[in-house]
Amino acid sequence: MTQQAREFARRPSLGVAVIGTGAMGADHVRRIDQVISGAHVAAVADLDEARARRLADTVDGCTAYGDAAEALAAPGVDAVLLASPGPAHEEQLLAALARDLPVLCEKPLTPDAESALRVLDAERKLGRRRIQVGFMRRFDSEFRKLKRLLEGGTLGRPLLMHCRHRNVKVHDYFTTSMLISDSVVHEMDCARWLLEQEIAAITVVRPRPSSLAPDGLEDPQVVLFETTEGAVVTVEMFATCGFGYQVQAEAVCERGTARIGEGHDLLVNSPAGWGGEIPQDFIARFADAYDLEVQEWVDAARADRTTGPTAWDGYAAAAVCAAGIEAQRTGQRTAVELVERPDFYA
Amino acid sequence: MTQQAREFARRPSLGVAVIGTGAMGADHVRRIDQVISGAHVAAVADLDEARARRLADTVDGCTAYGDAAEALAAPGVDAVLLASPGPAHEEQLLAALARDLPVLCEKPLTPDAESALRVLDAERKLGRRRIQVGFMRRFDSEFRKLKRLLEGGTLGRPLLMHCRHRNVKVHDYFTTSMLISDSVVHEMDCARWLLEQEIAAITVVRPRPSSLAPDGLEDPQVVLFETTEGAVVTVEMFATCGFGYQVQAEAVCERGTARIGEGHDLLVNSPAGWGGEIPQDFIARFADAYDLEVQEWVDAARADRTTGPTAWDGYAAAAVCAAGIEAQRTGQRTAVELVERPDFYA
Amino acid sequence: MTQQAREFARRPSLGVAVIGTGAMGADHVRRIDQVISGAHVAAVADLDEARARRLADTVDGCTAYGDAAEALAAPGVDAVLLASPGPAHEEQLLAALARDLPVLCEKPLTPDAESALRVLDAERKLGRRRIQVGFMRRFDSEFRKLKRLLEGGTLGRPLLMHCRHRNVKVHDYFTTSMLISDSVVHEMDCARWLLEQEIAAITVVRPRPSSLAPDGLEDPQVVLFETTEGAVVTVEMFATCGFGYQVQAEAVCERGTARIGEGHDLLVNSPAGWGGEIPQDFIARFADAYDLEVQEWVDAARADRTTGPTAWDGYAAAAVCAAGIEAQRTGQRTAVELVERPDFYA
Amino acid sequence: MTQQAREFARRPSLGVAVIGTGAMGADHVRRIDQVISGAHVAAVADLDEARARRLADTVDGCTAYGDAAEALAAPGVDAVLLASPGPAHEEQLLAALARDLPVLCEKPLTPDAESALRVLDAERKLGRRRIQVGFMRRFDSEFRKLKRLLEGGTLGRPLLMHCRHRNVKVHDYFTTSMLISDSVVHEMDCARWLLEQEIAAITVVRPRPSSLAPDGLEDPQVVLFETTEGAVVTVEMFATCGFGYQVQAEAVCERGTARIGEGHDLLVNSPAGWGGEIPQDFIARFADAYDLEVQEWVDAARADRTTGPTAWDGYAAAAVCAAGIEAQRTGQRTAVELVERPDFYA
C-alpha cells in the first residue's frame, strides 16, 4: 500500500444523511449500513417524519428529521444522498452546496432544464464539483467493459448504437411521457457517456401499442437519437414486455461491433470472428465470491454464529485428496475411507 | 427491519486478526479494510514480522505480531482469518478454538486427514461450530444458482456431473500431485456440496501430457469420483491450458441438465428446451451497480473528491427528455437545445 | 408413399433454361446440374453468346443461345430461371408467360413498380401463377422457424422488428441508393412476409459515414418501415462492416421476442426465460449429414471411386464395441485388440 | 468448369439397389429419389417381398426383389445401399464385392470383428476400395469444421475429448449392451476419425441408473477411451435423458479447445478468447436456402404448380424501394403507394 492509501484507510467513516425514505431511500440506508465500507447513516429525513423515524430506528446512531435542511445541518453529517422526489431536488441540492457537502442525487437532477441550470450555476460558483447524479449504469461491469473497449479504439469510431430497454410491467401511475423521462433517460445518459457526444436531435416512432399494455399507455416505442458528431442511436423502449427486465446495447463501430446485456459477457464481432474474453485467473473469476465469503462470515460472527463449509468438509477434502494422489500414483480406482460422520456435523 | 435486524445493526464492528501476510493474507486485509461492512483488521501476524508490520502500517488501528498466538490474544480481536501455510493450521485452529473465536480458515483445513480429525474433535468438545473452511466457490453466484436448482428438485436426482478446471499456467513449484490436492480439491468440495453425498472412490486417468506443460508435470488429467449414492463425476483438470481460467460444471439429472461457468448465466436443458432465466427487475440486474455507485461515491467523498456523472449530465438528460416528450407528442424529429457547456464541466 | 407421391416420382426430369450466365446464372447451372433432384439444364442464354457456350459445354445435353427468346422456345425447355440483369426481366417474363412456362426470377422482378405492374397484369390474364421471385431468405431454415413461430401465435401480435444486414465490403460500382434497392430490399420482403402486412411508410436516417466506406458511399444507414397494421421495423444497413456477413432479425411481439441469425438457433425471450428448442431425434439433427453422405457416395461411384469411412473403420468399430461390452460387464479397463492394419487401408 | 467436371456431368445417372426396406431403407429410397442428384433407385430388395414391392411401386422404374442377390444382379444396378439388418451384411457385402459394385453399408459393417475381417480380406483381394460404411457424422457440417480445425493444427495436438450423446428415450428392445454397440459406436468412430488414432483401451463406469430408465436398462453410463497415442476420450452416454437429442464434442488441445453440437457454430477457446467464425458472404450463409429455393421451384413445376414469393411480392418490393430511395434523398418519412392488391394475389 502507498502512503496515500494508508492515509485514506485512516480516514473516519463518512456520515451520510439520506433524504427521502421511500423504497429507494430505504434501500440506500440498508446498503450504506450493511454493504458499504467506510460509511454510516447518520441521519434520515422525510416529510413523513414517522416513516423516517421507523427507518432511523433500525440503524445505530441514526437520527430522523421531518425536514431535509435540518438533516443536512445535523451533527456528524458529512455527505448527502438524495432519494426524495425530483421536484424537491433543486432546493435540497442548493442547500447541500451551501454547506459544501458531497451529494449523490438520484435521477433526475431536477425535473427540467431551467432548474438544472440553476443548480449548475450554484455548483460552478462554489468552484468545485460536489454533485454526482445517480446514473447507475455507468457502474455496471458490462457497461464499463463496453466503455473501456470503445475508449481503447480497436473498433474505431462508433457509428451507431442499438439499445433495448424492456420492463416486465409498469405501475398504474406510469404514463406515455414517462417512457421518455423515466426510462429512455437512461439510454440518453448511456449514449452520451459511451459516445462522448451530446444528443442533437430526437425522434419518436410509435407502433400500434401492445394490447397487453394498460389502456392509454402507448407502449412500445422506438426512439432515435442523433448526436453532435453524427452517430445514430436506436432505442426500443418496451415497458410492458411481460417476460423480463432487459437492458441491451450494441455499439456498431467502423471496425466491429460490441454487445452487452444478453446474459453473457461482452460479445464482440470483429474481423477475428465473434466472441469474448476469457478471464485469466481465479481472482477475476471469483472476486465476488471471496467478498461474499468474508462478508457472510463477518455477519455470522457478529451474530455469534458460524456458517459455511465446516471442519468436516475440510476433513473430507483431505481424505479424498489422499485417495486421489494414491489413485494418480497407481492408476487404479481407489476407495475413499472416511470415519463415521459425527452427529455434530450432520 | 425486524427487531433482530435492528439489534444486529447496532453490534460493534468485528475485530479480525489476519494470520499470514502473503498474497492471500494481504488481499484479505485489503478486503476487510475497504470492501467488507461491519469488520476491521485489528491485528496481523506472520513469522516474517517485518512483512506483517508493513501491512499493519497501512491500516488504521492495526497491530503486527510475529506470533499467531499473540495476535489471537491481542485486545480487540473478535475473530481470526487464517491465510498461513497449511502445515501451520492445526496449531492455529486449536488456539482459536481454545479462545472460542470464530475462524475463517483458507483451504486446506489441515494437510492430512489425521490432523483434520484432531481439529474436528476439538471443535466438537467445544460444543459449537466455530470453523468455516475457505471453499469460496460455495459463495459464487453461479454455483449458488446451480445449488438452488438442484435443491428445488425440478430436474430430479443428479446422476452425473461434468467439471472442467483450467488454468492458464502454473508456478514453478507446482507438482503433479498438486493437481489433485491444490486444484481438484475444489471439485471435490463442489461435488460433495452440490450432490450432498460423500465421495466413495476416485480414479485418475492420465493422457499423454501436453508438450507445453513444464517438464515433469503430467498435465492434463481426467479424474473420476464415484459418490456414496452412485453418482459419477468427471473432472478435466488442465493446469496449463494457456488460454484462460475456466471453471465449468454440468449436473446431469434425471429430468434435465444444468451448466455454469461458460460466460453466460446458468443454462438448463429440459423438456422445455435449452435456456435460462431472465431477471425480472432492475434491482436484480443492477444490484452490483448500485453497490459500486455508492461505494465509489463514499470513497471519493472520504478523499474530499467528487467523481461520477456530473450535474451537467443531469442537465443534459433533462434537456433531451424535454425534446423527447415533444418528439413523442408531435411525431416529428426534434432538435435538442443545450446551453454552451461551461468549462467547469469540460 | 401416397398415390400422389408415386405419380410425382414418375414425372420426367424438368428441362430448365437458365437466362444469364454471369456468376449467379453459372451458379444456378451448377446447382441444377449437381445438387437438384428432378431437373436438368436444357438451355442457357446470354447476350454474350460465347460465355453461354462455354457454360453449356460443361453440361450434358445443354444448348447455348445468344437470345433468351430462342432459349425459351428450345426443345426440352419446361421452365425458365432468370439470372439476367433486372432491366431485361420484363421482356423475358412476358415471353415466359406467353409460353405458359414456370419462371424463377432472381430479384428484382423488374427495376420499377410500373414495369412490375405490367408483369402482374400479364400473369393475371394468363389466369394462373407462373412466376416465383427469388427472395431466397424465405427458404432459409432460420427464417422459416421464425415464420412458423409467428404464425403459431404463442408470442402474440408482432409489434416491432429489428433487422441487421451487414456485408464485409461492396463492389466498386455499389452506390448509396443500392443500399436500399439491392440490400434493404431483402428486409422489405422479410418484413412483408413475416408480418403479413404491406409497408406503408419508410424513413432513412443517415449517420456520419464510416471512414472506411468508399468515397461517396454513405454507409451505414438506419432504415425504418411502418406497416399497414402499425408495426415498426428498424434496419441497420451496413455494407462495409469489414468483419463478416450477418443477417439478423428479432421480432418483438406482445408476449415475447424471437431472434435469428446470431450463430445459434432461433432464440426466444418469453415468460419462461430465454432459450431455444432442442432437436428431438437424430433425423432432425443429422438430416443434412445423411443427404451429404449419400450424395458424396453417388458422386464418387459415378467417378468410379469409393471414399468415406472404410471397411477398416467398420472392423475397428466392431472390435472396440466388443471390448466395450466386456468393459461394461466386468467394470474393468479392457484393452482393445486389433489385427495389424493392412497397407491397403493405410 | 474443368474438363474433368464436364466429363463427370455427362455420366449417366447411377442405378442404386437398396437392400432392406424398413424405416432406414425406405428413407434412403426417398432420399435417392427426391433429394440426390445423379442417381435413381433401380431396385429394392427385402425378405418381406411384399413390403419391397409396396416401396418399389412408389418409384418410377424400380423393381422389387425378395432376395438381395437377385437385386444386385438386376439390370441397371450400378451400386448397392445396404439398409438390411447387421447379420445379413457379410453375405451381401461379399456378393457386392464379387460384382465389383460400390456399396454404402449402414453401420455396423458386420456384427463382430471376425466377420468384418473376412469382408476386409475380400475387398483387399478385389484390389480396390468398394465399401463405404455409414458413419454419417463424418458428413455433418459441424463435425467437418472441427475436423478441419484439428487438421489445421493451430490448436496443437489433441489431448482429450469430451463427448455427450443423449437420446430422449429408447425402444422397448434396447438393452444395456446396445448403449455401447448401437450408440457409443458413433463416438468410437468420431474419436478415431478426429484424432486419427486407434482406440487402445476402454473403461465403462456405471452410475446408479436413472429412475426414469426402463427396468433393466443401466442408463446413463460414462465411457472412457484411451488411444494409441495417449489421448483420453470421455463419453456421457444417456439414452433416456427425456429432453432431446444432443451430440456434443469438445476437443481439448495443447493450445485451445473447440466445441460443437451446442446449438451454435463451432466454438473455440484460445488465447484470443472464446468465440467462433463469422461467415464472409451471403453464399456461405444462404447456400442451403438457394438449394431449397430451386428444389421447391422444380418440385412445384413438375407438379404443374407455382409457389413461393409472387410477382406481387416483386412489385411491392419495387414500390417500397422507390419510396426508400426518395426517403434517403429527402431525409423525410415517405409514404409507400401501392395499387390495390388484385384478388388473384390474395
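As written, the chain order gives the labels A, B, C and D, with residue 1 at the start of each chain.
Here, contacts are C-beta pairs under 8 Å (C-beta built on N, C-alpha and C of every residue); 3 or more make two chains touch, one makes a residue touch a chain.
This structure is a prediction, so every number in the text was calculated from the model and none was measured.
For subunit C, the chain whose average C-alpha position is most distant is B.
Judged by contacting C-beta pairs, the busier of the interfaces B-D and A-B is A-B.
In terms of their C-alpha centroids, the spacing between subunit B and subunit D amounts to 45 Å. Here the spacing of subunit A and subunit D, counted between their Cα centres, is 49 Å.
Subunit A and subunit B, compared by their mean Cα positions, are separated by 20 Å.
Multi-chain contact residues of subunit D, defined as those touching 2 or more other chains: 203, 206, 224, 243-244, 246, 263, 269, 273-274, 276, 278.
Within the complex formed with subunit B, the residues of subunit C that make contact are 268-269, 272-278. Of all the residues in subunit C, the ones that touch subunit A in their complex are 156-157, 159-160, 162, 164, 203, 205-212, 220, 222, 224, 226, 229-232, 234, 236, 238, 241-244, 246, 252, 254-257, 263, 269-271, 273-274.
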